[in-house]
Amino acid sequence: MPEFQEKAPLLDREVIADDIFRLTLHAPKIAAAARPGQFVMLRVGAGMDPLLRRPFSIHQIDASGNMKILFKVIGRGTAALAGVSPGSSIDCIGPLGNGFSLEKKGRLCLVGGGMGIAPLYFLASRLLQNGKRVDRDFVLLGARNHQELHIVADEFYELGYRVQTATDDGSLGHHGFVTELLDPILPAMERVCTCGPLAMMKICADKAGAADVACQVSLETHMACGLGACLGCAVRNADGGYLHVCRQGPVFDAGEVKWTG
Amino acid sequence: MPEFQEKAPLLDREVIADDIFRLTLHAPKIAAAARPGQFVMLRVGAGMDPLLRRPFSIHQIDASGNMKILFKVIGRGTAALAGVSPGSSIDCIGPLGNGFSLEKKGRLCLVGGGMGIAPLYFLASRLLQNGKRVDRDFVLLGARNHQELHIVADEFYELGYRVQTATDDGSLGHHGFVTELLDPILPAMERVCTCGPLAMMKICADKAGAADVACQVSLETHMACGLGACLGCAVRNADGGYLHVCRQGPVFDAGEVKWTG
Amino acid sequence: MDRINGKDIDLRVRLGGLSLRNPVMTASGTFGYAGEFSHLVDLQRLGAVVVKGISLAPRPGNPPPRVVETACGMLNAIGLENVGLEGFLAEKMEFLREINSRVIVNILGDSVREYGLLAEKLTGVKGVDALEVNISCPNVKKGGVAFGTDPAMAAEVTRVVKEGTDLPVIVKLSPNVTDITVMARAVEEAGADAVSLINTLIGMAIDPASRRPRLANIIGGLSGPAIKPVALRMVWQAARAVSIPVIGIGGIATPEDALEFLIAGATAIQVGTANFYQPRSAESIIDGLAAYLKTQGEDSIRSIIGTLQTEGD
Amino acid sequence: MDRINGKDIDLRVRLGGLSLRNPVMTASGTFGYAGEFSHLVDLQRLGAVVVKGISLAPRPGNPPPRVVETACGMLNAIGLENVGLEGFLAEKMEFLREINSRVIVNILGDSVREYGLLAEKLTGVKGVDALEVNISCPNVKKGGVAFGTDPAMAAEVTRVVKEGTDLPVIVKLSPNVTDITVMARAVEEAGADAVSLINTLIGMAIDPASRRPRLANIIGGLSGPAIKPVALRMVWQAARAVSIPVIGIGGIATPEDALEFLIAGATAIQVGTANFYQPRSAESIIDGLAAYLKTQGEDSIRSIIGTLQTEGD
């Protein structure tokens, strides 16, 4: 699984919400090699501060070598990224990590919360491309409000998935937690793939576990390199040892992970 | 002499040459208080790197509170400054330092090299405003080539000064050093004000000294604060002690300075 | 009480005998004698001003270049240039008496005796609220380094200064040591009322084109955000090692920075290099501390000090 | 000879018995076991690869969070996680033998005996060109700190490692000491073939919102451009104190950075944190060194080493 370093021209910059942006980067080598669930490390800003690259899930890929990332402004790095104007280039390393299972058999439920929806779109579209039957598969998406969600929710819908949404303020779909949408659906599912806040993924994992449904989760952790070199991205595994999110993950079977808190 | 801190909107950005830019900033308090030869400390970039402000001479002031600075890209700070787009604001502290003499009597020769021409324009225009007779005063300007010089040279000319130019490549005016233009003029002058490379100012100072003409020079040195607090901007004075460029200068009588090298 | 929407948010702290309206001071050598900032900063809001280090006789300082920027930091080799005690008293104290803020005089000497004399002569001077003893400046070859890195000498200086004054005595520690707790304990035992740390780390920069050092003095003191993690670690260690108040210094520029130090155990903090690039840093920290207290539901900054949670997972 | 427009620019350097095609290595713990970078970096261009520190038994490392970004730097508390000697030999050496670059194995132990055993067991292993003895890692409470800050213990480790091997032995020094020259001389006298410095400075970061340390280990090692001035100063001091070669480490990311260390007296340099944010840093440094030699009219990098001009004004 080779990774590439590309100076990727920024082709487009969409403002999804006040603090949520979607960038289209021309990164043909990365795009050609990418699998759903993998991520890229982006260099934000030209100087030495912020110093480290930032990890972002690969959100969409097209046949002409373009890659989208969807992100929320959290701190200095993402703020800098939001300020990059089309025409500039962004230094990208990827694709990194393992990715979600591309199993075509069985009914699938994707559960995304916040920016966790980013990799799920790539997964949803790749499964469709690979010939999976998706019209009985669910996509459950949660966010703070309508604005954050509706554009990407529509895109999932266009792929042919059954899309349900939940928002904190009730401005789109269910008023409440996205995980609450899972209960009626879960018994009919064979697999759940989830990405989002840890607490949300834990609920998914618990519910899936209780229902004896397979569950893959995509973890976030601070990363210095993304390449398996710094060993900084450790999270606890179920046995008390450590998993390295950048190489062994970011996607894990829910059972591998130690769910604390 | 109070100084102000202003978030000054960038109104205009002119590209004078590949690496030379002129910015128009709306900084009404600084503009109202400024005297020729004073400078401002600009914060370049939003992050912590580059950390320190950068000093720039006040190049032009207009009645509506606008201030221009003229600068060349040298390193990271000036590169960042060159990249700021109109509409953004730049954090400015000023006006700082002492400034040139505004004596109206007697014939005056201004000698500017490279970016040293920046403060001289403010001096030239303020003297005219103050009612000085300038049609017998000289402005000698040196630069690498025509491109760097012609716009500002024209502006001096429009003020009514006798303008002579020198370029390294002969593409405008005298082919050679600007100080070579000084010899025929100097005997008739009462004062020389010079700003530019140290070697150039030293030649001016030497020639003026030999001709018994008063000479003011504007020095550059690394500055951490520009406010007289860090004591980092020391240069040697003629007696072996130190001068602080930001508070006691940047303008000095040539005789105060120790001319080394 | 600090003025923030008229709320009763209590930022007062006490350093031994010295009470401050808030824990935010300006660090020695980075705020001149306060007058330099009088048009840009509301001086009376500051917890205290620590003035540029004063020696018995005036000092000319080092040859230039004296400062150079580094990654998120700067190196300085000012060489302790200062107006000297007499100059300070004659030219600077009048203004400082009027700023309606605490004034702490940073002192430095080439010998134990000089420190003692400085302490005596500053005692009883109206407007001087405390002394900060700089035993740590790395720029002067004579004395400076040794006092700050040898616990016995640091203790000796502290004792002599304490004998010479009834003002609160803060001893400012150098970070260029193997174990900061040894230094902190040594000066505590010698009678220091508080310790402040860190002074600058010793660093260096070279211009490859000329193959010359970028500072005429070759080496200089590193300050600014770059050093904050080291400063914070040492403050945390020192605060656990001594029972006198600890003043945190090093790369502090924002309210979050200041809070890190307070949470680590500092009773107060000093803003240094940030004054150069953002003169209003101290004021914005004061505002930010008050705002933080509100979000945390606390009404006194003192309930934040030393509250680092280190147990559990 | 390095490939640069076919010019005869000689970047070779010699570290005791070890000759390198150029002075640019990758630092331990920042380049994994080299395979991690094989798609991004032309490994055979590197002067040497220093692998992640190896202990006798595998180590799991510290709980997360293990890394946090700071101003122009980062803190790490990896806790010396590694595959252990057997794992290293079984899983990593095969690849390393093939990269056509020098391989230096960084070793660490909890006791002098462990260092000695590691040295013995790595001696004679095909593809291992030298040992770098990590006496300086601040992350493990047991052993690490003491070896690196006590000259006698550092010398003892050095002696035992030297007895156990005929490979060139580089001793890697901790910067968390009052006087780096004491440490450098101690290990030189104990037989070290070279010293490398600096390892990380000890630092800390706190999250004000939770009032918890940002690293589970509370303290960690500071690396990156922020520490370069301190590293350069220590390298300059060490190079003047010992006659064995000095390897410069700390914040090196560009050719200019590398040149600063070489001019200060380092015979070679290591690129650490920069590998994380710019994997091609080492390669661009190699190119930049060759380009610099041209502009300086020199044909060998060896004529740059230790050429700092400090006389005059």
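Note that the chains take the letters A, B, C and D in the order they are written out, and that residue 1 is the start of every chain.
Quick note on the criterion: a residue touches a chain if its C-beta (ideal position, glycine included) is under 8 Å from a C-beta of that chain, and two chains touch if they have at least 3 such contacts.
Here the structure is a predicted model, which means the values were calculated and not measured.
Taken together, chain A and chain D share the touching chains B, C. Ranked by distance of CA centroids from chain D, the top chain is B. The distance from the centre of chain B to the centre of chain C, with each centre set as the mean of the Cα atoms, comes to 36 Å.
Chain A and chain C have Cα centroids separated by 46 Å.
Chain centres here are Cα means. That of chain C falls 34 Å from that of chain D. If you average the CA atoms of chain A and of chain B, the two centres end up 54 Å from each other. Among all residues of chain D, those that touch two or more other chains are 63, 71-73, 224-225, 313.
Residues of chain B found to touch two or more other chains are 48-50. Viewed as a contact network, the protein chains are fully connected, with every chain touching every other. Remark: chain C residues 63, 70-73, 75, 149, 176-179, 201-206, 208, 210-213, 216, 218-219, 222, 224-230, 232-233, 236, 251, 256, 259-260, 263-264, 292, 304, 307-310, 313 touch chain D in the complex. Across the complex, chain A meets chain D through its residues 2-5, 43, 48-53, 93, 221-225, 227-236, 241-242.
Here chain C touches chain A in the complex through residues 71-72, 313, going by the rule given at the top.
If you check the complex, the residues on chain B that touch chain A are 45, 47-50, 76.
Considering their complex, residues 29-32, 36-37, 39-40, 52, 60-69, 71-74, 76, 78, 81, 224-225, 253, 273, 275-280 of chain D touch chain A.
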